[in-house]
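Dropping the structures in below, format is structure tokens.
In what follows, chain A forms one complex with chain B and a second complex with chain C.
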Partner chain A sequence: MPELAQNRPAAGLRADPRVLARERRRERALAFGVYAFLIIVSLPLVAGYGWLVLNSFSTELVHGVWPEGFTLRHWRFLWEPPSDYYPDLWRTTWNTLWLAIGMTVTMVAVATPTAYALSRMKFRGRSLFLALTLILHAFPGITLLIATYYVLRTLGLLNSIPGVFLVKAALMLPLGVWVMKGFYDAISWDVEMSALVDGASRIQTWYKVMLPQVMPGVASISIFSFIYGWSEYIYVITFIQDKNAWTLSSYINSIVGDYRFLDYGLLSATALFYIAPVLLFFFFTQKYLMRVTIGGTKGGS
Partner chain B sequence: MEATKCRFRWLALALGAFLLVGLGTAAAAQEIVTLRAWTIGPDTPAFYRAENLKLAAERLNQILEAAGADVRVQIEADFWTESWDSFRRRAILAFESGDPETIPDIINSSHLDIPAWAGAGWIVPMDEYIDRYWTWTYQDVFPHLWESVSFDGKRWGVPQDIEVRMVFYRKDHLRALGWSEADIEDLPRRVKDKEFTLDDLMDLGREMRDAGLVEWAFLHRPTAGPDFFQYIVAFGGQYFDAGTGKLVLDRDAVLKTLNFFSTMSQEGLLPKGMTSWPWPTVHRSLVQDETAGIQLTGGMWNWAEWQRDLGVSEDELWENIGFTLIPAGDPEGTPNQLGQPQAYMVTQASQHKDLAALLITLASAVDLNTNHALEGAKLAIRQSQTAFPTFAADEYLAATATLVPDQIFLPSHPASGFYNTVLYDAIGAVETGALRPEQALQQLERRLRAELGDDLIVR
Partner chain C sequence: MARIRLEGLTKAFGPVVAVNDVNLSIEDGELLALLGPSGCGKSTILLMLAGIYRPTRGDIYFDDQRVNDVPPKGRGVGLVFQSYALYPHMTVFDNIAFPLRLRRAKREEIERRVREVARTAQIEELLARKPSQLSGGQQQRVALCRALVKEPELLLLDEPLSNLDARLRIETRTEIKRLQRELGITTILVTHDQIEALTMADRIAVMRSGVIEQLSKPQELYERPANLFVASFIGDPPMNLVRMEFRNDGGMPRLETAGLTIQLPPSARPQLERAEGREVVLGVRPEDLRFRTEPAPGLPVAQVFMLEPLGRDTLVDMRAGQQSIRALVPGSSEAKIGDTVYLQLEVEKLHVFDGVTGVRLDLGAGEQPALRVEAKGGA
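What follows is the complex of A and B.
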């Protein structure tokens, strides 16, 4: 090892500036490479969003890319529907919000206590239950479409937003339960035992001691649920026939159609209107999402 | 005398309407009966399918007011412009729900839906209503249209329109190839008299391509549709046996049809991926960009779409676009065009069937249906419409009406839609080169046999 020892600057000694410069150049080159790669792979996405913005504010896009003339004409759907046969936009937006919030509340309300029970309690059939939730998650939701249609019909929940978010939440619950279980598993038993020894009941222990510690998990499944609910399409068009109960995804689908002479400006504007809340939501909550791993939290939560 | 008759009819109508809805609500304050109707384009100019029901409701309310009835009718008419698939999915899901709050009172759709919907008990026979209002309205509906809405010996709908599906071609490309104006104007007659066949059409496409006039000589619809049955008939085949009421697979004619589309694709006259083109591109290529020469599966309503949605003037269309029957494919074949009537139907779940039928009757008035014909480029459903001034003055409707004697229909058979789909799949397969025509025919036959069993005649 003497050669290595010679090449390395001894601790506490000033480093060779040439070596440091070479290291910096290498790091810069590496960073440049990483950034270049990330920019190249994300360029199509950014270009897609850029095209939406340009298209929605331009009178025309020359050769499909170069904007010509500024206009707000494509945003007229905010105050007048594209035709007499479209539902009110703001009602549709409210329906979408109702679906997203309903799904979020259902997911949190069910997944949080369920995951606690699965993580901390021993009862017969626990392993089987866990396995079954995984199997349920393995089913593509689309295969259950007809069955769930008849269930909703029996329950009188067709044509209603709660019908959609109950089905959607039910199919997403395995994921929520497993994510939350990971968060609970990461909490030391000692914390819970202290509370129990001090005389707290199980419910109190869960509510007052455990729940505050898994809030990042609750935030994560809330964000996921909200985004999934906001963007839901297939269940909406299957379970809802009344245009007054449409959500924004069915509204935009109607603008696209497959027969119409598509107004790309209008489509771009409505698409931006649709994704803007999700982007904003994501912008403010991404720090919680970054903490999620299947095993619980990451970093110092 | 005529005026007296007319007054009498209005009086009878008013009385009928009054009896229909007024008596049941006696002593009540003015009651609003709300009816819901679902209609479909999907072509946007066909919006009068919904608007005419609203106008009919206005007329009915005037009558009710004149008769002193305490009832008014309100109609929530929806017009669908997405796609046939999504409309039918929506309708079927609504019917399956069994919920009268979800199911509309009136539904407007293709006559092809009647066998399946009637068989499922989702719509009601309309013979009683048609007979009731026969002298007012229905006596001069073209008789063949009643056949299109009949199934199992009953009439399940009221014809709402009828159209012509045909070949569109660019006249300017013919001029560029040296055709005289007289030759161009004479082409539809030559097609009708079998002097110009599908072979000649193929040669014409080759000439257009070789002269560099077009990128694609031929285009066709990029979605499944009944139009392709026209080619089976053009090659001398049949797809339905009226005697037995069974669907027919005419192997020889279907093979010729598949060969026809396969050859065009193999020679680069038609895009191999035609079945995945978007509709607007098909229209733009023919009418705006002029990169295509011939649309093999056009519909007369395209004329209205090109003006309304693409902004092409009618003068420009007359100058550059011609139309004709589907030419015969061989000596046994028949030049033809297919019509697919749409119909208003009353649903089983409706709580106001009588009122719904009355509204449909009022919406079938000559002037209202003519609004639809003019705006949506559709043909008349009633004899008296052809003499109605605005209808009679329309040059395009008059020209397309000359093609009516050569009209064919798809049969009222529950599996017509399925046949439609498998034929389209076979055409798509030979165009992409995935299957040879013989293989595609075998696959088509297998699928038809599996679906229809003994209900299929193979020749």
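What follows is the complex of A and C.
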């Protein structure tokens, strides 16, 4: 009997302090192992960010690692362009923000009603449509680059931020729609019918009863879209040449691709400037994301 | 308040006919129960009355006005869902106020009416909470308040008590009944619990597979079930049902099966004539079955097989020939397991059904009204 208790403590035997202590030790060892593993695998990432910070504030990195001399020289781009070649930084930042917000608004505005229709309404071609959106999502966006270039040129949307976020949103919409559909599916029909019986129209039911319940979904696709929009690179450098429409990724791209020697200090400073808002944004919104799985809100119905 | 009439109401979901040709009229202020097993179409009828489902065929009238094409918001119906269907993102107050706000009622009026109905249901102190912070019984009250606050013409309750524990169910039963009486609202109560239906309803419609099998007052449903289905559905413990043959030779009308013969009064003859030589089903409620332990000539004989004390009563399980028969006797039974007992049957308490169609056959004991339900072909 005692052996049994040691091997697998049953609820009634938990009170034994020796068993408890052993349990606790084992748990602590396990936690230690997990943390050690996580620290080791995330070390390269942390080192990368650390290198960026050091590089941007020091005059020189000895052997590429040891910082020497503190300077703000690399951050001068904040008030004066590194050379005549570069557009105004704040205009570029504004363009980046415009891209991120435009992307977010488009995604939410299209995915929210579309997912409602797919979740709640019966219409011909519904399942075909669902299957097609998945296929579209599986399509690597890069293969469409040339085709979309021509489409945008025809529409006169080249060299414009809306051109980029429309393409980007179109490619991300399948994911957004599926996420939102999961949230709608989790709401019971009874609640919707109840609103109708209470005297709401179909539209009122949607925005007074359904929409508030899928807000976690709206939050999650907004966060994703914003971050994707902010950090978009390939479509920006393909579709936008006009310096007035540059975003920060074009800016950094041209620092990296500068014909002169590569200025690591400047590159690090601009890179930090570029990722800081995303990190901050993520820091403040991650609690919404943590509540979300594809199926709906965690712990929800 | 309204008088409700359903005419030939039918609803099919693809190949599934959920409600089949239902005719029903409900008087102003009446409480009608729809009683039947799971999946028989009760909720479907409610949702058609509320305007959520469109009937495949047939008409719905509120006070002689055909409402088939009237959307839910125009019907003045209050509906309490089995799941309560409260709006999880709103407080209790906002839940109850929701129908009023949609009607653009004035602020003060909303405030007044919500508090009033909340007071009646004794949930005033819960108004600031969210539904997730309420117990099942409290949620049920909120759902009821939300249905009542708009002063509906017709109140529909879809198994409102099924999520409550036994005690709360009895309390709420009385409370709903009282409220319904006071307000005089025409009400349809859906339930699969016969006690609920028998205690609350003015009339009961027993349903099976989308069809109304019997529509009558609770007492009559119990005393004169119109067919085998109703007989076996109503009553707990269920009615004893024994397949027997009707014999009339030798001027002695009687029912026979292996090891059991039951004499019938001569008055039973004309009613059963057409069943002559055919199979019938005899039904006796356990509580109507009496027996004695002293031998008596001419009474059917049975052996006590098992005793199940239920507290107030005892359920006596007996074997008569090959038939298993149960009797419910008050107190504890004087008979012991293995005893031979003699069954005493009162003709007025016997139910006889056609062996093929299941329709009730009258024994002609005393005067009784004619059958209400006609035989259904092949049922």
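The working rule: the second predicted complex is superposed on the first by the 281 of 301 C-alpha atoms of A that agree within 3 Å, B and C clash if a C-alpha of one lies under 4 Å from a C-alpha of the other, contacts with A are read in each partner's own complex, and residues count from 1 in each chain.
Heads up, the rule we're going with is that a contact is a pair of C-beta atoms (placed from the backbone, for glycine too) under 8 Å apart; a residue touches a chain by one contact, two chains touch by 3 or more.
Not measured: the values here are computed from a predicted model.
After superposition onto chain A, partners chain B and chain C are found to sit side by side with no clash. Contacts of A:188 after superposition on the shared chain: chain C is touched, whereas chain B is not.
Contacts of A:213 after superposition on the shared chain: chain C is touched, whereas chain B is not.
In the superposition on chain A, A:158 makes contact with chain B only, while chain C stays out of contact range.
Once the two complexes are overlaid on the shared chain, A:238 sits against chain B while remaining clear of chain C. Contacts of A:199 after superposition on the shared chain: chain C is touched, whereas chain B is not. Working from the superposition on chain A, the chain A vertex angle toward chain B and chain C, CA centres, sits at 150° in steps of 10.
Here the smallest spacing between CA atoms of chain B and those of chain C, following superposition, is 51 Å. Taken in their complex, chain B has these residues touching chain A: 41-44, 47, 50, 78-83, 85-86, 89-90, 93-94, 96-99, 101-102, 223, 278-280, 283, 305, 309-310.
The part of chain A that touches chain C in the complex is made up of residues 188, 190-191, 193-201, 204, 208-209, 212-213.
By the touch criterion given at the top, residues 83-85, 149, 153, 158-159, 237-239, 241-243, 253-254, 257-262 of chain A touch chain B in their complex. In the complex of the two chains, the chain C residues touching chain A come out as 47, 50-52, 71-73, 77-79, 81-83, 85-89, 98-99, 102-103, 146, 150.
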